[in-house]
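Once you scroll down, you'll see the structures, which are given as structure tokens.
Shared between the two complexes below is subunit A, which has subunit B as its partner in the first and subunit C in the second.
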Partner chain A sequence: MVSFFIFLLLVAVTSAAASSDYSERLLLRPLPQSALLASFNFRSNESSASFEHQNFRYFPRSLGQILQHAHTKELHLRFSLGRWDADSWGQRPWDGTREGGTGVELWAWVDASSEEEAFSRWLTLTNALSGLFCASLNFIDGTKTIRPVMTFHPEGHHHNSSNLHLLHGTLPHEVVCTENLTPFVKLLPCKGKAGISSLLDGHKLFDASWQTMSIDVRPICAGDGSDCALEIEQNVDMVLDMDRSKRPRDNPIPRPAPIEEIACDASKPYNAEDTCYPLDKGEEPDWSLTDVFGKPIRGACPLTNSDGDGSETVCINVPPERSVQVNTKGSYVESKHAEDTMRCYQLPTGDDFDLMLPSQKMTTGLVRSQPPLTAARSINGHGQERGSIQAVITNPSLTEYVEFVYLESLPWFMKPYLHTLRARVSTSTENPVVETYYRPAVDRLRGTHLELLLRIPPVSTLTLTYDFDKAILRYTEYPPDANRGFDVAPAVIRLVSPQSQHSSRGTYLRTTSLLLPLPTPDFSMPYNVIILTSTVMALAFGNVFNLLVRRLVGADEMDAFGPRGIKGKLTGRLQRLMRAFKGKGGKAE
Partner chain B sequence: MAIDQQKALLFGAAAAVRLLLFTAFPSLPNLLTGRVEISTPVTSFKRLQEGVFLYTHNVSPYDGGLYHQAPLLLPLFSLLPNPAYHPFATNVLYTIVDLLGANALMQIAETGQTVSSRLFTSPRKDLRWSSLAIGASFLFNPFTIATCIARPTSALTNLFVLIAMAKASQGASITFILALSFASYLSMHPILLFPPLLLLCYNMRVTKARTPPNPWAYTLSHVGGLALALVALLYTSALLTGSWEFLAATYGVRLLLPDLTPNVGLWWYFFTEMFDSFREFFLGVFWLHAASYVPGLTIRLRKQPLFVAITLTGIFAVFQPYPSIADATLYLSLVPLLRHLFPLMRYTFLASSAILYTSFLGPAFYYLWIYAGSGNANFFYAITLVWSLGLSIIIGDSLFAALRDELDVERPELRGKEVRRI
Partner chain C sequence: MSSVRDANASSNTKPAANDSHSPPPIIKAAIAKKQPPPETSESVWTRRWVIFSFWAVAIFLGLPVWWKATAIYRAELPLQTMTDWADGKICKPVFPLRIAVEAPALPLQDAQHLVRTTQHALDDLNEFSAHHLRLMLAAAPFANASQETVGTTNDNTIEPFRVPRDKDIALSIRMLPVESGSTPRSELQQYSPALDVYYTPNQIPPPSSTSSPLATFIANELHKVFAEEQATLAHLLSTTSTAHVSKIKSLSPEFSAELERQSTRAFKYAPTYHLTFSLFSPTSVPSDWEIESALQQYLTPLLESFSSISNFTVDTQVQLYATFSPSMRQPEFDAELNAWTLRKEDLSGFINAAEWPLSPSIGIGPTINFVLYVPDPSQSPLLVKENGGNSWLVPQWGGVRILNPTVSGGAPSTPAKLDKEALASAMHTFSDQLFSLLGVPQTPASLPLRLTTLTRVRAASLVFSASSTLSALARLYKALPSIPIPDTVAKSVDLTTAHLQLACNDLREGRFQGALENARVAEAEAEKAFFERSMVGQVYFPDEHKVAVYLPLLGPVAVPLVMAALKELKSFLVWIKRRE
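Then we have the complex of A and B:
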């Protein structure tokens, strides 16, 4: 059995160097159904002293100054697209700690003496980051901000954590695209000109089945807490569909190959010459970096170490029997780790570097590690008045209980009823809810924040449901595409036990985001509504007012009162005029 | 006595109908609770359950956007078993509320204050229905039954308004003040019923007592009593919830209308479509409009204070921010007390057909908008307009009839003749 263990080993990189340095690493791993996971990791350090003096070497100055201005001690920013298919792809890269929910997700520990100050600094931070990353982060206001209690823990070492405030915001509607990638790549020391970052191309990255970009800034200190450094880690993880990526850009529409080139399954009966059941060749497809990413790696980034730990920048995780050819004019070094399942390369400087894997019939494969938990969430019910949320969370483990935190951050116009919350486990009758933290939404001021500590027995499925009402908004509060619906941020799940063996950061997973259709008013007729409602009110008020202020007299007494009011006088005059006119007419005849 | 037997029979039948509906159709209460025509954001039973849930789990229900009802309801309903599992106690409670309301309504009918009061006696005073018939028209009104099954807290408000009217027309000052303060505490707008009911109570006092009390002292003592009762209720609520934030979450919501959930009234769609810069202005105008009927009606019809109070309940059913058919049912069950005015009303057919038309088309159009997607919000909005128009026709028509009735006393020679307004 060939192990997948090494992939996770690489994840647990431990570096606590206080001096400023830079390292980068690309891990490639073919997944089933011709998918390819590419994990880019860029990491650099800056000592706290030079950071305080704004002496930036590898740490990006633009981001560093924002963090100083907003008093942010630890920052996590995520841009994500697509869905991780845990059934066929297995465990998430980095145990899910470096990914975000669909759209943009941001959480940070802000240093402030009070909640209000923390929130105003948080707004400063989101507005500055919005400018830096060309994202709508400035729309993270009070309604999209929560203060999680159990789900997130600081990754860095903080001295006085009493003044630190954790704030978390999501933008599930944000579409991540090239304009977010360009500033992301600009933060890197080699800026996409050399090293593995030269592979990052918007056309391929945003064509992926799943992709997430992350930025994590945290302080790390040596054991005695004196020798501190600020570490920035940037990750890009994506799952590319190789068939799709290999299509030429000038001819992107897939067409069937000519029938002569397809090997047909001869064991099946055919009724015509032009039909064919393609024979599954059982071969791994052929691919190269140039095929998949559109270009080769443009040599090593000169700022990385040329020998030692961080020098091996490109690694590929394939079974030992798989042949991998290197195509470069420069000199490179290949080394094998972990029972030869991991091949790593030191890149040549200044020369293009490409990896080519020919198609090959395989007898062994890699073992996919199973995720400790799988989760899916959906909206039940129909109509635009109310609905219910259903989250189905499965513990596949045969022996172990799984304890986890489930975090929901819902928009204010979705009004959950906590008394309808039901958590059922398929195999037992005990209540799986261990602890609940709930902060209800306030209209137009803040969203709902729900955190649950849950426990599932082995081989069981937990079903979590609750009802909610959909609010109707003021017509100016709807977006231009009001009937599309509103996005609801993904639920975040953090495993509490069993602890991840690989890293101290924990294990996370996120559900997909939801689309919530709300009832809409008619946007075309504010004037009509104002007029019609006012008419009904005027009819009622006019009628009552008329009765209250006027006197009733007999209809036959009307003449005794004579003409009254402007109308009466006018009609009186008109009648006199008519009489005079008629009189004249009579004379003329 | 025969009357008592009949009354017992009536109440027994009404209770049986309600309990039968509760038990024979266990999903009916939740279905009706979800109807926007019956449950509004400020009276919904589902929101009450959420409030009670948060209250019993030590989360302040007012630190959220869902619960907008009075704080004293929380301990009351937390004493009852959870209606999701054991609904019987709640069902019995709401049935009793309806029966007590009917009892109060019958007491009002027995005093005969609508046809003959201290200062005014209608020439048609023999034309009235028996209190039993009036009680039956309340208890077997389909709107009342639907309200009872849906269990909104406006049923409690209706009960206290009816008790306040009954006690005022009996001249029982203390119970009248207490009932009215409870009604105002629960729903705020019943406080506007105070001037006509105070007048009614004073009239009864003058009729009963040998020495009539000084009107100023009487007014002052009652205003003071009402203020005292309200302050006591609010202070108890603050003690109970630990802070004064319930004021903004209950009365503030009624005043400022942050929740635009559809209902049968005129406010929700108007303020959905209103331009943001004019929102506060029109909120002020709408409230002023609703309150402006009180002094006008009370002064013009000072001889018939009970009629003013009845008309005001109708006005609230149309012009309050979160009206429901529970408010309309209060007015429609009080209208039979005005039986002597029916011959003088001119648009009974129009009004009753408008009410019937909207009762059937309202749910249908709401379905078309929210579920079928084949209609839009204007469908339901149009129906609420017609509903409001229908109720306001009844209000205006009965007002005309009351004035005509007064005219018949002032000038008996005009009886049966056509009259004009000048």
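Then we have the complex of A and C:
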């Protein structure tokens, strides 16, 4: 009989750990199919008084100055790669509040007296962040910026929120890579030299099946609005494929294990000496931090609390029967939480720390918590003129209605027709659209902004479709790889009800990004056009000119002017020559 | 096939000769070619007119349209004026310094005489004509307005006026009669622009004498006070422009090299400087410092005194786990000094620019970095090998100071938090470095005097820098005929020259603060004009592309036009020859 324990949600564990000025925590959780979820969380606080005076201690100076310069009160920045496989991995970490769509996503509350001022400060912000994170954030211009109405709410405490403007921009085409991680790690007080951040390595992080880096800056205040501080929270969440990560870096080509080591399914008809259908071994793989991340943790970051909740910086979420061995020379403390499914460790200072889990046959497992909603989005249709978008959103709950906001930020060259918007629910005939907010695109100035408040009954699937036209771009507006297609930012879904039990931040979900093929011209076109029109014009000119300046004579009168044309001239010359030759010859005779 | 012409000729010239065996008449008729009717002169002229009008359209309409359509807009710039500014033909900066003499204890006649004789002595001492000290008798506190100008007419000397105290007075001399002590003696006030001169009443020169020991003494003292300023200005004049040949002879090569070193060390003038104080540590301690109160105590008063010249923003940061760059030679242990040492030549690589987050602050203006480095206890004390020092200055970048942890109980230990007392010495080092980096002169001892000297030096250097930017723009204008010059550039140039003129007038009249303001505007406008974006943004458009674009159209059109013109010209020449 296999018994199950519930997966702990990350938010429940780390919510208490914000009392000191700096705290960090790593949570490891094995997932099915030898995947491993690693969630790194770093928080630093700076009192708002010293922030105003630009005395930075744990808050990074470079980012702090950018925020002050751009008058940004709250900032959320995401770098993401890959897709979260909700079917096999279950609910997203942090309820999806700390992840972004594929590429780069940025939203911020900017303090400004007018919309124009807010936008110019937003541009300042994106340009400065672009330099700080070595990302193309400066390409977030008016066409990629929207002002969401229902989807995002500030997380921090803002007292004079009347002047705050929310702006949101995405870059779905941006490829997140090591050059974004390096500045990210530099913002941490321990800089990857100690503490859990010493595990962050670009080779492993960007080899993950799914990864997201986030930076969230928000003001937090005591209940009465005094004693404010600015909190920066940095997260790195990734799902590593353990088999892939364990391959040595100098020999990364996957090779099959020797056939003797594989348990084969002999009942298959093709089972032979050289053909094998491998059987599932039914046991958890063995792994250690050094295997998966390439190096052990280099001791604790001394800036964290030395005792109490914040001192337990590494936690692993496995069933109680799973054996976990600690390999360190220093002294560490292990404690167990939540019916022993969560083991947390106080790291030794100055000594390497490694966790080793041997291969083990398990009788119990952990139950994955189900996501409250699943969503998939695709482009339908064919041809280069028009297409349609289809989003399929499923509510798996047996009892509860789900109400959510669906946000689309489409590029201007994708022109949706709102009258073709259809929302159908599989189990009922009522209209699921509760509210619509739509701001149409303006060519080359801004993109489409569509927000829908939708409601799905239990065990139902909602299908949302709308048609769109594909615009033809100007010659210079095409990127160098125009035939690859254009990326369309993921749709953002925020659950309105049921509310998440774990935190006030809400629950978020993002679809994958889409690739939109646009009609691409022949890029040698301008020269062809020049040559063609020139030829036509030259022909016309030549005819008119010749008609005007040539003298017209009858065909029989033409010979009076002597031989015409090159042929005539040539034959004339030839004959004269031949005659001269003949004349000489005649004399000689 | 026989030649047609031959056939024609034979049939025309000898019609009778071949009669007997000539071909049948029908064939003969066919061979005797039909002549086209002679071309009327009217149609010849029509053709000529047609060709002419085509050419006329091409030249008088096509060319101008093409010229206009592809022309680049270039605003008119006063090139000659711009070059003249750089050559110093328009403005020769002069620095007349007004020095007020306060002698409340002296009768007016005596005071005026003293001022006159001192002025004579001073003029004899001065070797640098552009820098001129002008003595004036200060208004006595009780004097009313009608008594203020009591001038004597004299040809060569400057009339001593009784003038009210104002901010254009560079220095005031207070004549204080004393009975005891060695006289005359002088004392420069540290925190106000005042020179106290003590004298005994019998040293006052009698009205008949033309010189006196007291006057010579005062003149010498004044000359000493302004010696460095004179040298700096002379150096500035001689280096920035060929037209201003230095007229000061006593500028020795060593002294000139020292001035050169000081000026390369200092930042260029900016209206705003950003100061960044960073605490670096290779370990996790100290992770906190009482920087706010330390800055409040040691730095804020200093920055306030600078406020008439530049503004400052201050930010601080703490950076832990800061390692040296791998290319730098690691500190070595020196048994003699019982310390870890850095070589002097390695100091330039001390700052690990790749990893230490010392990026410039956001906003206009340069960033001055001050780095406080607390070495690892296992590597302390850390000193510079050659001189045992613990701080150095990085020219035009900032300053570094190593703060070695205090040794307590045999082993050095770093406190988790640096308090204000621990920071005091570092703050003094940083303020010294800040003075050097801002180009404040070393002498005289009086801080306000040094700052006003800085005002004059800065104003002069801004005038020179704006003028040389103007001449660079003029050269650019001439050298690159293909770049567009928008109207904003012309406007900026006009503003620059106007403000340069104002600055120059201010300098001449001794209003140095106003001169600095105007020179600042001029410099900003000149930079704006030079770095105008639409000017730099001109894309390189190669000639091959022009050929590729023009040839397909112009080739087929031009060939018939040219051929027709040539042919017509030829026939016209033949016609003329025939007529002769």
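Just so it is clear, the second predicted complex is superposed on the first by the 502 of 589 C-alpha atoms of A that agree within 3 Å, B and C clash if a C-alpha of one lies under 4 Å from a C-alpha of the other, contacts with A are read in each partner's own complex, and residues count from 1 in each chain.
Everything below uses one rule, namely that a contact is a pair of C-beta atoms (placed from the backbone, for glycine too) under 8 Å apart; a residue touches a chain by one contact, two chains touch by 3 or more.
Because the structure is predicted, anything quoted here is derived from the model rather than measured.
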Exercise for review: Using the superposition on chain A described above, determine whether A:262 touches subunit B (first), subunit C (second), both, or neither.
Suggested key: neither
Check your understanding: In the superposed arrangement, does A:222 touch subunit B (first), subunit C (second), both or neither?
Key -> neither
Check your understanding: Between subunit B (first) and subunit C (second), which does A:376 come into contact with in this model arrangement: first, second, both, or neither?
Key -> neither
Review point. After superposition on the shared chain, which partner residues are touched by A:515: those of subunit B (first), subunit C (second), both, or neither?
Key: neither
Exercise for review: Quick one: classify A:279 as touching subunit B (first), subunit C (second), both or neither.
Suggested key: neither
**Study point:** Partner chain(s) touched by A:194 [first = subunit B, second = subunit C, both, neither]
**Key:** second
Check your understanding: Touching A:333 in the superposition: subunit B (first), subunit C (second), both, neither?
Key -> neither
Check your understanding: Touching A:578, do we find subunit B (first), subunit C (second), both, or neither?
Key -> neither
Review point. With the two structures laid over each other on chain A, which partner does A:54 touch: subunit B (first), subunit C (second), both, or neither?
Key: second
Exercise for review: Take the contacts of subunit A with subunit B and those with subunit C, and give the residues found in both.
Suggested key: 530, 533, 537, 539, 541, 545-546, 548, 551, 553-554, 556, 558
**Study point:** Sites on subunit A touched by subunit B in the complex
**Key:** 382-386, 412, 415, 417-419, 436, 438-444, 469, 471-476, 519-522, 525-526, 529-530, 532-533, 536-537, 539-541, 543-548, 550-556, 558, 561, 564
Practice item. Give every residue of subunit B touching subunit A within the complex, in rising order. Key: 34, 36, 46, 49-50, 52-54, 57, 59, 63-66, 84, 258-262, 266, 268-276, 289, 292-293, 296-297, 300, 318-319, 369-371, 376-378, 381, 385, 388-389, 392, 395-396, 399-400, 403-404, 407, 411, 414, 417-422
Review point. Which residues, counting only subunit C, touch subunit A once they are in their complex?
Key: 3-5, 33-36, 39, 43, 47, 50-51, 54, 276, 284-285, 287-288, 291-292, 313-318, 320-321, 323, 355, 357, 359, 361-363, 548-549, 552-553, 555-557, 560-561, 564
Review point. Of all residues in subunit A, which touch subunit C in the complex?
Key: 50, 53-58, 60-62, 65-66, 69, 128, 186, 189-191, 193-194, 301-303, 527, 530-531, 533-535, 537-539, 541-542, 545-546, 548-549, 551, 553-554, 556-560, 562-563, 572, 575
